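Letters are used for the chains, namely A, B, C and D, taken in the order the chains are written, and counting of residues starts over at 1 for each.
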Amino acid sequence: MTGIPYTWEEGLVIMGIMMVMLVIAIGLSVWKKIGIAREYTYAMIRGGLQLFAAATLLYFLFEFEYWYYPIWLLLIAMALMGGYTSARRAGKMPKAYRITTPSILVGGTVVLIVLRVSGAMPFKPQFVIPLAGMVFGNAMTICSLALNRLTREFETNKPTLETMLSLGATPKEAMEEYGRMSIKAALIPNIDSLKTLGIIFIPGSMAGLLIAGTNPILAAEYQIIVYLMVIGGGIITSIMVIALSRRLLFTKAQQIAEWV
Amino acid sequence: MSILTIKKAKKMLGDARALRGLSLDLEKGEIISLVGPSGSGKTTLLRSMNRLIELDSGSILFQGENIADMDPVALRRKVVLVPQESVMLQGTVKENVQYGPKLAGAVGKCDVGRCLRDAGLSPKFAGKDAEKLSGGEKKRVALARALALHPEVLLLDEPTVGVDPKKVERMEGTILKFAREKGLTVVWVTHDVPQALRVSDRIANLKKGVVKEVTNASEFRWEGAY
Amino acid sequence: MTGIPYTWEEGLVIMGIMMVMLVIAIGLSVWKKIGIAREYTYAMIRGGLQLFAAATLLYFLFEFEYWYYPIWLLLIAMALMGGYTSARRAGKMPKAYRITTPSILVGGTVVLIVLRVSGAMPFKPQFVIPLAGMVFGNAMTICSLALNRLTREFETNKPTLETMLSLGATPKEAMEEYGRMSIKAALIPNIDSLKTLGIIFIPGSMAGLLIAGTNPILAAEYQIIVYLMVIGGGIITSIMVIALSRRLLFTKAQQIAEWV
Amino acid sequence: MSILTIKKAKKMLGDARALRGLSLDLEKGEIISLVGPSGSGKTTLLRSMNRLIELDSGSILFQGENIADMDPVALRRKVVLVPQESVMLQGTVKENVQYGPKLAGAVGKCDVGRCLRDAGLSPKFAGKDAEKLSGGEKKRVALARALALHPEVLLLDEPTVGVDPKKVERMEGTILKFAREKGLTVVWVTHDVPQALRVSDRIANLKKGVVKEVTNASEFRWEGAY
């Protein structure tokens, strides 16, 4: 009753076939000179190893009676890693982790508290860990998208920003429109998946429940609850990261920072 | 009475020494031209004066107060820069002109038509999409936008480049007129020495980040310009 | 053994609490004038209804002996809907669905064939439907991001593009760098999630399997297989959509199209 | 011998009628200035001539062939536009100059130093980051970039706006020199009537999208300019 249609050893063979496929796709991107092949390969190997390490850890954690002591460390580690990864997407922005980490931490924590209090997340490791992973993961993605877009808008629209400052706008007023655009752009993937929910997009966790043989209607209900929470966390994170980025994009004297 | 005093201003831009200890004193109500070759620090000086950039050393006093100690927004509303590149903000010409007053909470006191006329544009332009104007029209909207703030000092960076030649003198005329009427101090960066002679009381000749010479316009010798 | 910790009726109450939370998050975005509140609310309601309709359909489909007849229609509908949704993200680009639909269709279909042939996807509805949903869903998201970025780059860099054309560049040569940037930006979310796999991000389907009680190590293996495929499909889709968009961004006479 | 013939060219830009049936004939090897107020269609005409935009009606013949039937890339390598806004491509000045020849597969034949000198810039600029140059320097890089294509017709849109005044005449001189040496046809859009008089064989006076008058430069009367 695990839902997986083959044994662990057969799975390794299938994974080999998949690798060949992915090598072809990466070859395609090298050929098109997109410049992501190295990063992608690295991400893939790193991600794969991490996931197996995590799975092994989870395997023991699920059996461990006092699992709730180490779990707090795990959650904090998730937010820190998310902040660090997201900061690397902020282009030339120095010390971006100072704004990504608190944004992801706050967005994610608020959501987990609501999930716990409402009863949607029983206090058991097989609920807390996967849900926290989804919540922090989505917060990180949205944080990256928002920050990448915002720094790009600043690079492109420096003369416009300086014109606004010259006319007596504060940094907050000058960047308002760009901040809004960045938040909106970052939320696009979430809005898109929401709209096609059930039509194209059967979200991952519902897919996992279905593969494991759960009743589709119950799985859909659970998925919606999770979804609403994950998105809510994303909204909080994106608004926070844009608000916090102001003090890195501008100097105290309300000038555009030199690194832009 | 001096309104702006620049003392030994130094500024590096990347690897280039843009200002190398420049000093200059501006009288209230005067119109002073800054002339000099590209890279002599004219634009950098203007941008320091409304604190779009920060000096590395030296100081700038506005009405006796070091601008480094002033609120930048308050300073920029009094010492208004019209940059060389006239970037239009999204929306109509009217919205562009009202942008500054709106932020200052004084949109009611802003007479858009008047500002446009002062900048040499017909008030009929108010409803047009600012981004679709010609280069010369944008220049004048940028000027009108600055005037709407009722500045005390106006920093003009090549205000007539790209304007129709037959309209240049009219634009000069309108700038001079309201400057004189309102006792405005004007710092006018230009490449065009005849223009400097036409419009200014004094001419400061910049070279390699310092003021080489300041003379009354009537005493300025063309040969000394570069 | 469904993994869900409450009954169907209790779930409705929990969902109500979630709604309140989301209303607060949306309120925050209204307050910040991000201008997505209406679209988000609409997406949420639409997505929720669709998911329940889909779940009901799946419920009967899973019981239906000749399920593989209607499933083809379902897959084609997924690609069409994905193309249509993604096209709406292309800004002012006219007839964008003509390029989004084939890109999503090809990217998704290639991946599903590989999944089937390799044995990772048994020919059963509870595997085919959720996996197709994930594959097409991700292809759509990447397609939207790539196209949104590309049209924005065109808007901002029109003078640069015209300079290149004036110096004898073909449209293909002129847009190459922007195309590359757009593909790269679109793949950022996938790369990011890959890198943090297992550390922050426990992907949805693995989360679903865990919640349903699957052994974590087996779940991780299955997740990696699915992930590699989903990303491969995304790469194919993004390269295709950028290549195809050339004929909408430029005229036949190698001028920038007027709508830009 | 006429190298470019414009026949009854009409073009709408949005709601504005930019060209209203403009006709003009260019002789091979001549330098012709286009003067006229903002909005008279000068830039639109230039952009039609290298097919950056398509005419609504009318035709343009290049060496007797309708450009609508030519490969746009081939046309643009012969009829080269230097737009008013000098956008630098990413990279060094050298990479900018080599951009066109590289695409044409003729990078070996491109003498970067020579092109820069022809455009009035020191070859020492080759290694500099193009985006960090001053406005006037960018203008000259844009010109050098165009020359690197060995054009037959050069379309110059305000080529000296923003250039140091003392360097303007030198730049005019270098343009004239290589144009004469290579028998280049030059279409020179300018706001500056004295410049038009200095540089051109003929002056075409544009108004509201048509050519009002074409005269030899020596017969051109200033008063008729606008």
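By our rule, contacts are C-beta pairs under 8 Å (C-beta built on N, C-alpha and C of every residue); 3 or more make two chains touch, one makes a residue touch a chain.
What you see is a predicted model, and the numbers here were worked out from it, not measured in a lab.
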{"item": "Centroid-based (C-alpha) most distant chain relative to chain A", "value": "D"}
{"item": "Inter-chain centre distance, chain B versus chain D - centres from mean C-alpha coordinates, in Å", "value": "32"}
{"item": "Centre-of-Cα separation between chain D and chain A, whole angstrom", "value": "50"}
{"item": "Mean-CA-position distance for chain C and chain A (Å)", "value": "15"}
{"item": "Junction residues of chain A, two or more chains touched", "value": "none"}
{"item": "Residue numbers of chain B (touch at least two other chains)", "value": "none"}
{"item": "Touch-based graph of the chains, sorted into line, ring, star, complete or other", "value": "ring"}
{"item": "Chains touching one another, given as label pairs in label order", "value": "A-B, A-C, B-D, C-D"}
{"item": "Chain D-touching residues of chain B, taken from the complex the two chains share", "value": "14, 37-39, 84, 132, 134-137, 158, 161-162, 164-166, 191-193, 226"}
{"item": "Touching residues on chain C, where the partner in the complex is chain D", "value": "159-160, 162-170, 173, 177, 251, 253-256"}
{"item": "Residues of chain C that touch chain A when the two form their complex", "value": "1-6, 8, 10-12, 14-15, 17-19, 21-22, 24-26, 28-29, 32-36, 39-40, 43-44, 46-48, 50-56, 58-59, 62, 77-79, 81-82, 85-86, 89, 111, 114, 118-120, 122, 126-127, 129-134, 136-137, 140-141, 144-145, 148, 156, 180, 183-185, 187-189, 191-225, 227-229, 231-232, 235-236, 239"}
{"item": "Contact set on chain B toward chain A in their complex", "value": "50-54, 68, 72-73, 76-77, 80-83, 85, 87, 89-90, 99-100, 103-104, 142, 145-146, 149"}
